[in-house]
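Structures are listed in the sections that come next.
In the two assemblies presented below, chain A is common to both, partnered first by chain B and then by chain C.
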Partner chain A sequence: MPHKPPTKEELERRKTVGIHEETVTNVSANDFPMNYPGEDHSWDIEAFKRNFRVEFHQNDPFEASFSLVGCDASIANAFRRIMIADIPTLAVETVFINNNTSVIQDEVLAHRLGLIPFKGGREGLHKFLKWWRRPADESQINNSYYDFNTVLLRLDVRCEHNEDAAPGETDPTKLYKHAHVYARDIEFCPVGRQSRYFSGDDVIAPVHPDILIAKLRPGQEISLTMHMHKGVGSDHAKFSPVATASYRLMPVIQIERPILGADAEKFARCFPRGVIGLEPVTKEEASRKGSGYEGHEGELKAVVVDPMRDTVSRECLRHEEFKGKVKLGRRRDHFIFLVESTGQWESDAIFLEAVAHLKKRAQDLEKQVINMVR
Partner chain B sequence: MAKAKVKKDEPTAAEPASDVVMDEAPTSHQPEAADDGMSVDANENEDDIEEEEDEEEEEEEVQRVRLLPGSTPTAASFEFLNEGHTLGNALRYIIMKNPEVEFCAYAIPHPSENKMNVRIQTFEGTTAIEALQKGLRDLQELCDVVTDKFIDARERFVAASSS
Partner chain C sequence: MSREEYQVPNTGSGNSPAIGGGSFNAGQRDFSGESGGGVIYYICGDCAVRVPLERDTPIRCQKCGARVLYKERTKRMVQFEAR
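For the complex of A and B:
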């Protein structure tokens, strides 16, 4: 029997996840060889090149949004996971407390310091700084810190009475000097070759200078030094380069039968603003037999304007009047990514880094497999 | 070549062919002793032993992939150290895309062991190891395409939003 290639509708149906009142259907990918008789779904890099595309929606340093269209969830998810857990960043790892008479306990203070995101010269962070490794011999630990694996920071703040404060002043920030300790009080101490990579605009500094670290009262003091190391998010979330990296699937809204007049307005209110628009029924539509628009010329009908803005709340499925008139779904191979950087890297660079990381992992394992066979 | 040199003094997980009974071998945590054999082709070193103790030093050279016992040329299980769902699922997908592969799945046998297993069964004409290698190569090609398309799209977006 000669094989008929699948129709456009069939292809559309295959890659749409059905979203119903209580259930979700057609969830798993099915584009594998031998799944559909007579169709070739084997891996073909040329076909992938033809079908895969990227669309940008936003590209700011701290927030990038883009769509990957035409790839499998396993690939998109690998990129997402790598962005969160495997891209190295620099963060405070060790805190040496010389004096801490503030009300915040040493360990809580150290934890807060660890979570502050820092920025610095990209070249230095990427190329110059290497991993720090704990020496096998614990007594050698003080010989393991070098300019290429450790960044030294200092924080020395002492709170005093402000002699110039107005009498009757109640605001502690005016009454005392250094009542609040902010991230901007942290001082970077370049060592060795670090000044070559981290000076001027490239100096290592908190991304947000106004992060409140502690509050002090006169006589209290915080005096500490910190070591920053490179690390990855799988070890500790402070090393993650992203505040969040997530994706969602492109929503699909299909209006199967006409929704008109007051119903159309109600229908539009079931969705976030901008998803559903109202348009008058044209003369041509009204004259077409069986379209459902006969005799409704000039009335408002609901049309899908921008499904991407939909949250797929399913609100429209709860109303009797829309039963059988609308189908909701999600496009299984359309991933709308949202990458929010913490500031050390730019969001789009983090994604590219993730792709490069996956490639490197595959490359390393290929060598390992060859080595295994020998 | 560094890899070859290491191979001499630190034998890898590729075990010699022998007729050890496979049934008792647990799927995940393998004893470190050298007595689990396998029956896949391409084995020359008769007395290769496990080398997990050497994991700490020279992390670059550690063998992270090994064939699990009970494997035949067309049906094999591989154990990956220090890999998880990130690579496991992507690799499973790309291997399943190979028309010569009958079955491919991955598993993380226990969440507190840093191990990931991949099972590959192929039709006659290729081997599980070849399918694994092809999968890893395809994954690299895929990454190149994604990078190129991403950079193109970004350039277009920047050009469109600045004009």
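For the complex of A and C:
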């Protein structure tokens, strides 16, 4: 029997994860060799190039949303994990506390300082600054800090009474000078060539100047210096360039049989706003036999407008009147990414860097494999 | 400044000072000249003022009269990992 190529519906069915009232079906990828008799599903770079595409939905400095369509979950997940754990950023690593008489303990203060995200000149951060490595000989540690691997910060704050405060004032920020210590009080001390890369708009400074570090009362003081180093998220979350990097699969909503009138309005309310729209039944549809629209010309019907905004809550599956009229699912090869930058990188640059990183890793592995076979 | 560069302030010879004589030798203390005459500073528990105390003076804040005084924090630099 000659092989029949799969129909469009069959191809669609193959790459849709079924979402039912209680179960999720068809979850695994099936486009691999020997799975479908007579079809060649071996991986092919040309086929990949033909089918793969990237669509941007939002691209702001701190938040980017885009779709990768036509790739496997392993690749999409690799990008997600690389963005979280392998893209280097600069963060506070060591805190030298000269004085801290505030109520916040040294250890906690140091931890808080480490978590503050910083920004600075792109060229300086990504090209000029290199890794700092702890020297094998611990006594040589003071000879391991250079302008290209360590950034020096200083924080000196002392709280005093404010003589100009109005009598009866109760607001600590007005009653005292420097009652609150904010991230903007941190001072960058350029060393060597750093002033060339980090000056003007490129100066190293907290992304959010209003982060509250500690609260002080008169007589209390915080005086410390900090060393920043480059690091990766797999070492400590403070080095992760993203607040979140996640993906979800594209929702699929298929209306199998007409949903009309009041039912249509109720159906639309089962989904987030903008997912389902209401359109009047056209004359052409009403005249078509067996369409389910006969005699309903002008009535409102439910149509799928923007499935991407759906949260796949399955609310519509709970109602008797929609039984058998709707099918929910997710597109298995359509990944909607959301990348939220902490501010050191542009959010889209994080993804591009992740692609470059995966490529480099693959090339390194290739070299190793070639060495192994030789 | 790194940990190794830091000079540990020295509290002096360790000899017992003459009682009431005020002849306590501060030795190599580098507390910028405020330690003459065997004065040790404490922090008032109520008003946070620095209270100089000598031997035999009552343990009491000279500003507000509070009787709870705290030892000052170490003058040494303390190093922490921001983790």
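As a working rule, the second predicted complex is superposed on the first by the 373 of 374 C-alpha atoms of A that agree within 3 Å, B and C clash if a C-alpha of one lies under 4 Å from a C-alpha of the other, contacts with A are read in each partner's own complex, and residues count from 1 in each chain.
Operating definition for what follows: a contact is a pair of C-beta atoms (placed from the backbone, for glycine too) under 8 Å apart; a residue touches a chain by one contact, two chains touch by 3 or more.
From a predicted model like this one, the values you see are computed outputs, not experimental measurements.
Asks: Record, for the superposition on chain A, whether partners chain B and chain C clash or fit.
Replies: Fit: chain B and chain C sit side by side once superposed on chain A.
Asks: Mind checking the angle chain B, chain A, chain C on Cα centres after superposing, to the nearest 10 degrees?
Replies: 100
Asks: Is A:His236 touching anything from chain B or chain C once the two structures are fitted on A? First, second, both or neither.
Replies: In the superposition, A:His236 contacts chain C only.
Asks: Looking only at contacts as defined up top, I'd like to know whether chain B or chain C touches more of chain A.
Replies: Partner touching more chain A residues in the overlay: B.
Asks: Examine A:Gly114 and indicate which partner it touches, taking first as chain B and second as chain C; both and neither are also allowed.
Replies: In the superposed model, A:Gly114 contacts chain C only, not chain B.
Asks: In the superposed arrangement, which partner chain does A:Ile222 touch: chain B (first), chain C (second), both, or neither?
Replies: Neither chain B nor chain C is touched by A:Ile222.
Asks: Just chain B (first), just chain C (second), both, or neither: which does A:Asp106 touch?
Replies: Second partner only.
Asks: Mind working out whether A:Asn142 is in touch with chain B, chain C, both or neither, as first, second, both or neither?
Replies: It touches chain C, and chain B stays clear.
Asks: Answer with first, second, both or neither: which of chain B and chain C does A:Leu125 touch in the superposed model?
Replies: neither
Asks: On the A-aligned overlay, A:Asn98 touches which partner chain: chain B = first, chain C = second, or both, or neither?
Replies: Second partner only.
Asks: Least CA distance chain B-chain C after superposition, rounded to whole Å?
Replies: After superposing on chain A, chain B and chain C come no closer than 21 Å at C-alpha.
Asks: Taking the contacts chain A makes with chain B in one complex and with chain C in the other, which residues are shared?
Replies: Comparing the two interfaces on chain A, one with chain B and one with chain C, no residues are shared.
Asks: Touching residues of chain B toward chain A in the complex: what are they?
Replies: 3, 7, 12-14, 42, 56-57, 63-67, 80, 83, 85-87, 89-94, 96-99, 129, 132-133, 136-147, 149-154, 156-158, 161
Asks: Could you list, by residue number, the parts of chain A that touch chain C in their complex?
Replies: Chain A reaches chain C through residues 91-101, 106-107, 110-111, 113-115, 141-142, 217-220, 225-226, 236, 238.
Asks: Across the complex, what residues on chain C touch chain A?
Replies: 1-5, 43, 47-49, 73, 77-83
Asks: Which residues, counting only chain A, touch chain B once they are in their complex?
Replies: Where chain A meets chain B, its residues are 29, 32-34, 40-43, 45, 48-49, 52-56, 59, 66, 68, 71-72, 74-75, 77-79, 81-82, 85-86, 136, 348, 351-352, 355-356, 358-359, 361-363, 365-374.
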